[in-house]
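Heads up, there are several structures right after this.
Both complexes below contain chain A, partnered by chain B and then by chain C.
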Partner chain A sequence: MSAETAGPETLGHLSEEPKGEDPGSSKARTITGKSPMRIALGRLLRDKIALVCLAVVLFFVFIAIFAGPLQKLFGVTTETAFPTQFLNLDGTPRAEFGPPYGGFTWDHPFGVAPRTATDNLAFWLQGAQNSLQIATTATIVAMLVGVTLGLLGGFLGGIVDRIIGFVTDFFLTLPFILAALTIAPIINERFRDSPNYPTIQVIALIGVLAGFGWMSVARLIRGEVLSLREREFVQAARVMGMPTRRLLLKELLPNLVAPIVVASSLMLPAFVAAEAGLAFLGIGVTTRPSWGQTLNQGIGFFDNYPLYLYQPLIAIVAIVLALNLLGDALRDALDPKTRR
Partner chain B sequence: MRRTKPLAALAVASLMALAACGSGDGPSDTETGDFRETDAGADKDPDAEGPAPELEGAEAGGTITVFLPGDYGPDDLDPTNGWSVTGNSIQQALTSRSLTQYRVDEDGNATLVPDLAVDLGTPNEDYTQWTFQLRDNATWEDGSPITAEEVAFGIARSMDSTAFPGGPGTEYSTQFFAGADEFEGPYTDKDTDWTEWEGVEFDNDANTVTINMSKPFPDMDYWGAFMAMGPAPLGKTSQPPAYGQNIMSNGPYKVESFTPQDELVLVKNDQWDPESDPARHQYADKFVFKFNADPDQTDQIMLSDNTESQTALSTDLSAASYQDALDTLGDRLVQQSTQCTSFIYPVYGKTDLAFRKALAYAYPYEDAWQAGGQVPGVTRVPANSIMPPGMAGKPDYFVDGEQFTFDIEKAKELLAESETPPTIDMIYYEPDPLAVAANEVVVKAYEEAGFTVKSTPVQESPYSTYLNPDDKLNKSLNVRAVAWCSDWPSGSTFIPALFRGGATYNVGEFAEDAIDERIAGVAELPIEEQAAEWGAIDEQIQTEFFPAVPTAYYNQLFAFGSKIGNPSGDEALGAPNYKNLFVMP
Partner chain C sequence: MFAYIVKRLLAGLVVLTLVSLSIFLLFWYGPSEPARAMCDSKTSNRCSPEKLEVFTEELGYNNPWASEFGNYVGGIVTGRDITVAGQTTRCEAPCLGLSYSTGKPVWEDMQSRIPATVSIAVGGASLYLLLGVPIGVAASKRRGTVADKTLVSSFLVISSIPYYLFALLVFLYFAVLYELPFVGQPGYTPLTENPAEWFGGLALAWICLGVFGCTAYTRYSRGAMVEALSEDYVRTAKAKGLPQRAVVYKHALRAALVPVVTIFGIDFGTLLAGTIFTEKIFDINGIGLWALNAVGQKDLPIVQATALFAAIALIVSNLVVDLLYSVLDPRVRLS
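Right, the complex of A and B next:
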């Protein structure tokens, strides 16, 4: 059997040899002049999924920030209604107020709620605001706690690290749902007389979410710090007599921006979902509109009025998915070693 | 009997603001159904004998599953402790016999008939002594005969308000039976042996039990239909609280397993003799009660008509499924009338008449029902009197000449006349989204009428706050609420429990000597005049003092599977008629 006379292996290199670049040329200068952040941003901008997700997230952020003015624009409110004016005997809205039996109406673009006859659009907008507000605040709190403890534990080591490690492990062993189920009624009972009851409920919820969210961050940061603190620039700074606080804030923290950004971007959707889940179970915020509550109420009407259930459902799925994918894209962009 | 379902409690909490209807702006399509009344078993038949008449087409065998959505069921099965619609309706029909009972026909009409006694009891001239001749062939689930001593011991147990604080004996036995001052019940009173107590005498040879009263008690035959007026095994066997988890059955079914708030499984008791029982049947092999079932899930199961739901029934269909159920279930959707009234009960000493009337006009009756998941005009209708429809002697009057309706303008006028500060302090049951929704509607209506409202969320049933005199929150309230159902069809189970000074469920702290005296005097009247007298007291309380705003009368919706025979309700208890259910082949 004869072999091909001119196979690729006999023709030598087909690939292009990198040409020797002149370090002084303009092309080389632009490459070396990019900061790591700009490189990451460039990668992110080339990622089409990330951009779509970013658009979705920005849409919801816009809704959340302008929930009040948007309600005024559409002429809807979250005020309690007198339901008999709007509803059939079985609790579904009458045809003139929109779905499920009637068509679209500008008075109630999303229709009215069964049983209570409140406006769906107003509740949906306000739900977005509450959801993002709670999730964002909880993320910030969890990050502050987690990063601080992670930095201290990793850098100081010794007894401090052991104590922080123990506390972290302890919190990890607490079952989240069980603890939330127990804490919510206690707090509600304790502060039920207070005129600030709604605010206290929100703060308590943020506390519960953040209290059960900081541990992974603390561990992540501690691991990063452990590897960073033996690096030359840290050793050099130490030798020069830099105080610990400055070391942590000026030398270590800037090098931890990437993991912190990635961790927050993945924590945010987890908190959005957790907030909705707790509201669904009836232990989240009960005094303000919430997507989870609407979900819970919508189940009984799914046969006759599926749109009522789909509104919060689609919103939750869209924002949680978008935030998750965006978080993944951010991680890929910031940390090329883990690229898929 | 108070409604113990959390859902009802929520309705109660929301009731604080509801009144009824017809405010005009809510045209509900009433052709789909309307409210029904019941006399709750006012008929009597002392000569009824066992066995109970066979039902047409009834066959033995099969398992019946009962879903009880949003209903936690009884915490224990001790007959002496049972005072809830759910627990009593199940146990009195299936496991625990008493002196008398109700026989319910296919239309749901209940008749009082004998049970362990051979008749409805023999009172003396002034109803201060009742003698019951017991039947010989009634047995426990282990086959041993039920003796007069065991029945007498069961009756003595009902005197123990410490061991059974939630039992009906606290309202009836201790009020009417002789020697209530000296005897605190067999478990609490260590000094007196129960056989020495003068309230009950028994004769094992003649098989009779005699009950002595401290004052005339003409309704003893009805009180005898409570399972608390039934036998208890002597000695350690029936020691509470253990007995409540492991009762000795004497009805057609016995307990196979019981998990509180979850499940109760009953199987045939082969020692029960049909000849001994004028009203019960033993058709199905097994009953499975699923407490606290998911309401939406249950509705779906019942509407789907699959193999699981064909032999199942639901004790509470939700409003969201009402229209579908009307179309698909037909006469398997049973609308059961119950003798219940709900009230907003402002604290009498803290409010004046104009304030209470303003409240009656400011309450958004139909709106609050709808937000609370009820079907206005079907499961709730406006109430005009204390006593519910169908109760003998129920008066027809309107406090203000016509039915109170949701009327903001009238409320404002009345509030301007009132010298009470226009503030309302009330509570609502926060764990239930329906209660929260109803509360929001009510608060809005009150505020539009010019009240300043402080509605505080509570995490347990509002009753646990109302019934706790030391609770700081409770002391601060000036508007409470209560929903009450009759124990038997007489004003005596309704008006004293709510309007006698110091009564447990008198949550509005109403007390007028004139009324207390008149209530006490009813027992002295000839029996045939008593019903009318209760009606007159009802009217006097409301027209002179108007202490409580009656907001609604109740109906219940039951859904039966397509293979359940004789789908009907029991008007005496406002529950499905478990005695007559069977599985069709």
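Right, the complex of A and C next:
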């Protein structure tokens, strides 16, 4: 393609190059024929806020994946033998084990928890792991459900669309915290004595999160499909007699990648926040470490041990904020209408 | 219009029936031994399998679910007698069952908790509008200025922090570390008992809820006002020489408020359905905290009653919004 044609070049030029560049220079020529994804990536890489957010997110992902080895590296575990040896009579940690009364020690880089004397760093690392694990799984499940229902509703229309629409609206009216509140005691009652109770609790939590997260995706995808299905390439595929399944997966789905990516990157922080919030209330994860539990424990000791409460709080705020801003940046980068 | 209202009411009734049925079924099939908690509390934790069987029979868990659902609904409408461990308790309408831990009708406790939740919801929701709309209108009038941009981006950051962390920090700094003047220790005192204490105990919760919630309303009303101010009729009003204030508040704001009111109705319903985080953090004895404590005690009838209450609050608020919308927005044609 020559540099004079309008279209992708114009877009590439505006988004990639400083104005006033000679259109015939080698730089200008190399950008011709970039795919939309490459353009989006280029935009994202020039967005400083997005890069900082990406670094924060990657940091937490790294921590979550290597929580086990990192604990070994620092020589800390969540298991504490004889908690009383670490504690003063009022439940706060003794000075030789770090804050609030003592200084930094390598034995317990984050200090130890009041009352239980669990090592804070180990708990925090495992909390990060559980939080991201649950949020990521819930996002994947919610995406699968939402995209499938959105595709079907938007493409098939008619009675299928109306039923899916009704179910979507129905779920949208139910408050998610109350659903979690309702389901938590039932799961507890039924599986309390089962050896798999921790796993079942996590699965139930993922189910609740995903069960109340898919609706926005379904609506979004349905809307996109409604406009896509009238486009020529879809009609051409139909005329050629392409089966519906193939049409949905091979023609429509690739065109929905951008909204799906943006929606997942905005759903993830919501789930991280929700997971910690439920654990804070005592109706989320109770059998494994979670940041929310530390928040709940920390309130009573905030007077003289604020650092204990701030460890999970800073982590949650950092990751939620970073993911939200990254999601916004992704949306801007992937949207061909925004030209910056 | 009348036909529309009837249609909406009927649809609301259908949804209400569906929701209450699904809540009932969840609590019917969910627990493996639904009578266990009741049995434990009545026999001081010495519940043998034989006793459990007696309680299961008494509470009706051996009957088909449909007839028990009929009983439950009948109890809500007319009240019923419930016999547990040979003791018959008269459960007045609306009967939502007996609490497993106290053995008293659930509604008796619930009645005393509802005012606290309603107080939080009304106060918080009014602040949504009282703070959010004026700030949004002011921002839309100064669109594009530094003040507007700062406001929009800082509100965006606040609203992406999870609410409970915001509330927690407000509580810790303004109630635990530094006490604000005019604001008492958070908690709930009935309005009829001591209005000053009622206000002081709830003030911090309201402020917290209001400041956090108003960010969204600022965004909505700013967006709606920006749109409205660029409409032709606003230009006409300006052209015919109306003062700026009349143009902004009488012409533009009225149109801009319609979508805001819609969202407000739904948000208010959500608040009524449960202000769990606010109640837990500020230790206010409302429905949310009550349900949360019931979860700890495995007191399923209380949780069930809360879920039902929340569903009713949400469905009714949705209904009211739909009806209001048709009145407020002249563009909505009902036929």
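In this section, the second predicted complex is superposed on the first by the 302 of 340 C-alpha atoms of A that agree within 3 Å, B and C clash if a C-alpha of one lies under 4 Å from a C-alpha of the other, contacts with A are read in each partner's own complex, and residues count from 1 in each chain.
Following the convention adopted for this analysis, a residue touches a chain if its C-beta (ideal position, glycine included) is under 8 Å from a C-beta of that chain, and two chains touch if they have at least 3 such contacts.
Bear in mind that the values here come from a model prediction, so they are computed numbers and not experimental data.
Annotation for the three-chain superposition on chain A: chain B and chain C clash. By the touch criterion defined above, A:Val320 reaches chain C but does not reach chain B.
Of the two partner chains, chain C is the only one that A:Ala273 touches; chain B does not reach it. Once chain A of one complex is fitted onto chain A of the other, the partner contacts of A:Gly282 extend to both chain B and chain C. With both structures placed on the common chain, the touch criterion links A:Phe212 to neither chain B nor chain C. In the superposition on chain A, A:Leu89 makes contact with chain B only, while chain C stays out of contact range.
Once chain A of one complex is fitted onto chain A of the other, the partner contacts of A:Glu189 extend to both chain B and chain C.
In the superposition on chain A, contact is made by A:Asp303 with both chain B and chain C. None of the stretches 9-17, 45-53, 63-71 or 189-197 of chain C clash with chain B in the superposition except 45-53.
Touching of chain A by both chain B and chain C, each in its own complex, is seen for residues 185, 188-189, 282, 299, 303. For chain B in complex with chain A, the residues that touch the partner chain are 23, 25-26, 28-30, 32, 295-296, 299-300, 318-324, 364, 366-367, 370-371, 373, 375-378, 430-431, 433-434, 436-437, 440-441, 443-445, 456-459, 473. Against chain B, in their complex, chain A makes its touches with residues 79-85, 87-92, 114-117, 185, 188-189, 192-193, 197, 282, 286, 293, 296-297, 299-301, 303-304. The touching residues of chain C, counted against chain A in their complex, run 15, 18-19, 23, 26-27, 30-34, 36-37, 157, 160-162, 164-165, 168-169, 172, 176-177, 270, 273-274, 276-277, 280, 291-292, 294-296, 298, 300, 303-304, 306-307, 310-311, 314-315, 318. Contact residues of chain A toward chain C in the complex are 170, 173-175, 177-178, 181-186, 188-190, 269, 273, 276-277, 280-283, 295, 299, 302-303, 309, 313, 316-317, 320-321, 324-325.
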